[in-house]
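Each of the two complexes below includes chain A, the first together with chain B, the second together with chain C.
And now, the complex of A and B:
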């Protein structure tokens, strides 16, 4: 029964990882920017929700605030950091270091303003009840899964049915051709950042309700998103989401065999193995760059 | 005050070695490793074990540390041969995270979170010495070796494969061997820095070998200027004197000094990347051509 409990726990964590990872994968796939500050969007959204909640505002206002903050941060990164860098040179390492610097700054600012250590939101949604003998589930489990499913359905509808979504996929495949057809790659890359960053907000809010947030959580989230994007295959949202789910489950189920300290190491072992044996991931196409 | 200055100088020299060796792979070979603290840690633990259980001979500790860290550099050379760019950064991050866990769990070798304590003072040929001269000599040797390699055939090969790997391979350069050797040199150097660090502090624990440390060393290289000889050392001096300098600023509460320091270096990394990607030194010597 412990196994079932861990599996369900893993699915809940994995659904949240999948959401964040899909956001990262969308940005990376469409713009080729290694948005290392994606985890920072997550942190900011989570804390924005926390502040609203502690201020006594209703949950939906907090949720909107979280989404807005994440989107604004993503857009600000695109306009103020990535675009100026890409104007003079596009080396990925320059982009990576700049994003890393921002992540460090925000992490410490959040620590100074909101206090260090774990903070969480108390709701009745995270109260677990026994659904099967020795298996406990909280309502938030169903919420996490429903949110993940609905958002994925919405995202794939957006990417396949709307003009903007199709253009985003075109941007991922051939930016030059896209410009030749008169579409603005600048506007589209802002769209990618807005949508991708917004995907981190629901996951952040649900995390605030379950395990709680701390100022360094963005780091962990970022590493998981990156791992999921690579394991899933760069350019494939489906892959990233599936890999995020898988990493969450692996992290949780591993607890049956090893101590908690090893949980994170398990994810990175999976990532490391993939990079060495199958760098193109589940659904990726092998490419030389 | 003299003891304080000597301590700071020793730490600067040790981090100078770390930054100079990291610069060797980042600046010359174009391998962007975010796992340098892993090899620093391996060297520190190896050196500490030698000092604790065999003899506290500084030379022996450094050699063992270099062998252990250099040998395990294969862990990182393997992905470096398979993938480039973002993928390699991801692989090295993965290695760093696994190593941090391993360092805090492999209690027999590392002492776990509590670390290894009471490492004896180092000796050299039977005489007790302080670490400062050793660290300065090691730093000088590593800078000298870097300067030699930079001009020699090996350095040119590395720079060629950094700029155009396929072209270098087409010209008959053995890319795999060059990358592996570069990693070996850099990681062995980091191992030596680790052994000196352990002997200097006579205490090591996992806190010094986390991802934050890797990032700090990377920041030193970048702020100083990648691919330059003196840049990393200057970066180490700047970033390490920052906390000392901030301690004298009256209006920052003592509990926030660490955070303010991190904010400053994070900001410095971002702003430098936007306005001066070649780093402080890089701009002086080579102009914008390297950007």
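And now, the complex of A and C:
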């Protein structure tokens, strides 16, 4: 029964990882910008929801506020940080340092405004009950699964059945050709940031209900997103989502076999294994030089 | 190069340097520098705010009472509760800021910075960390908080009285967590208890649902949480949300607002230093009244400990000023060992040869978001 319990908890955690990782992969795949501050979108969305919830507002308003804040932050980063850098030289390192700097500043601002410490949404949705002998499940398990399935279905539909979505995929594959067809890569880049950042909001809200938030949580989220992007195959949305789910399950199920101390390390063991044995990830394209 | 050119340059150089020469000459009237090595950001930033508020109030009170000829000022360095950041901060405090006295917290940080302070002969005072090996770390390292072994000695008989004999320990992989594991391993059997299971978690761990599943397996009577900062609250929420109904117990680090305000923390039992803010000494009542007026809440043990740490400096420096003796690590230490007993918040503070203050321990329970002493 312990294995089943760990598997179910891993699926719940993995669903949240998948949502966040898919947002990061969408942005990176379309724009090739290493958006390290994606974890900050997650943090801001979580706290926006928390403020609304604590202010007595209905959950749907909090959810909209979380999505709006995450999108606005993503758009602001694209317009005010990444685009000016890319106009001049746009090296990977400069972009990374700029994003890292913004993440640290926002982390401290969140601490100053929201308080330094743990914060969580007080809800009975996260309270597990015994559904089978020694197997506990909370209502939020089903919510996390449903949210992940619905959002991935919607995202797939958007990317395959709308002009904007197809253009986003084209931006990832051949930006020059895209421009030759008269489409604006700048606008599409903003769209990628808006959609990718919005993907982090539901995961942040569910995290606020389950494990809770602190102002530094973005770094952990970013580590998982990066690992999932690499394991899934750089540029592959499907791969990032699958890898996020797999990492969540792996770090939970691992406790059946190893000490609790090693739960987090398992994610990175999986990452190393992929880097060594399958560097292109699940769905990445192998390249030779 | 001709002579007059050199003279002109020397004159210009002297003129430019003049503004910097004057403050150097006036160094004797400068404030005493109280360095702080607290986590001011990151998941443990809450502690930095708590620690600093106690220290700042003691400086205010010392100024109001005109205890010293020179003012005191706080020079803060953010450690993020990480040893490496602590060493960087301590090096700056002793070499650049010439700190007279440094306040530290967190076991891992304290152990990392102690050699730096020891070499510089700068007094370091801990009011937040409880690792038992902090006693005797250096002649210049003092503790104004009872260390974990004292908390455990007082707590284990209480747990046995309540028939909480099989204890599961969830502890952070850090010198503090390891120290508590060592204490429970040796002390629990002596009191008739046993360690039902031990579950180490990394400092950065966020998910505790799977840990709760493992904890459930050992069927303990109570779960002891030995962590700190935001992670404690995450562990408690993770355990309660995932079917742990047994009492959750711990040590003084649980007295922070993000734990006490957590609905899942209702009924958590922990030890801390004993303070009687209503019926205590005049110093204790003044501290409690002014703290509440300033911050709108009752003070906690950490506020009082760092208040005491700064008040201790003021008392020692006052004694040295009266004898026209320079205030430095050696003179402060000599005065501490000569006087030994000081009027501090909570009553008389008595120090042993290693600079450890003894204090009574109380057992508390979180009830309705408040810390209520129960034994």
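Heads up, the rule we're going with is that the second predicted complex is superposed on the first by the 286 of 289 C-alpha atoms of A that agree within 3 Å, B and C clash if a C-alpha of one lies under 4 Å from a C-alpha of the other, contacts with A are read in each partner's own complex, and residues count from 1 in each chain.
As a working rule, a contact is a pair of C-beta atoms (placed from the backbone, for glycine too) under 8 Å apart; a residue touches a chain by one contact, two chains touch by 3 or more.
Nothing here was measured: the structure is a model prediction, and the numbers come from that model.
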- [ ] Overlay done on chain A, so just call it for chain B and chain C: clash or fit.
- [x] clash
TODO: Go through the superposed model and pick first if A:92 touches only chain B, second if only chain C, both, or neither.
DONE: first
- [ ] Figure out whether A:136 sits in contact with chain B (first) or chain C (second), or with both, or with neither.
- [x] second
Task: First (chain B), second (chain C), both or neither touched by A:230 - done: first
TODO: Identify the partner contact of A:260: answer first if only chain B is touched, second if only chain C is, both if each is, neither if none is.
DONE: second
- [ ] Could you look at A:176 and tell me whether it touches chain B, chain C, both or neither (first, second, both, neither)?
- [x] neither
- [ ] Answer with first, second, both or neither: which of chain B and chain C does A:271 touch in the superposed model?
- [x] first
Open item on the list: With both complexes superposed on chain A, which partner does A:122 reach: first (chain B), second (chain C), both or neither?
Closed with: second
Task: Touched partner set for A:108, first chain B, second chain C, both or neither - done: both
Task: Selected from 6-14, 24-32, 78-86 or 204-212: the stretch of chain C that, after superposition, runs into chain B - done: 78-86
Task: Overlapping contact positions on chain A, where the chain C interface meets the chain B interface - done: 107-108, 111, 259, 261, 264-265
Task: chain A-facing residues of chain B, complex - done: 26, 32, 78-79, 82-87, 89-91, 93-95, 97-98, 101-102, 104-105, 211, 215, 218-219, 222, 256, 259-260, 262-263, 265-271, 273-274, 277, 291
Task: Residue ranges of chain C in contact with chain A within the complex - done: 40-43, 45-46, 48-49, 173, 199-202, 204-211, 213-214, 216-217, 229-230, 232-234, 237-238, 240-243, 256-259, 262-263
Open item on the list: List the residues on chain A that touch chain C in their complex, please.
Closed with: 2, 5-6, 9-10, 12-13, 107-108, 111, 115-120, 122, 126-130, 134, 136, 138, 210-212, 214-217, 220, 251-252, 255, 259-261, 263-265
- [ ] Could you please specify the touching residues of chain A with respect to chain B in the complex?
- [x] 34, 81, 84-85, 88-89, 91-105, 107-109, 111-112, 219, 223, 226-227, 230, 259, 261-262, 264-265, 268-269, 271-272, 275-276, 279, 289
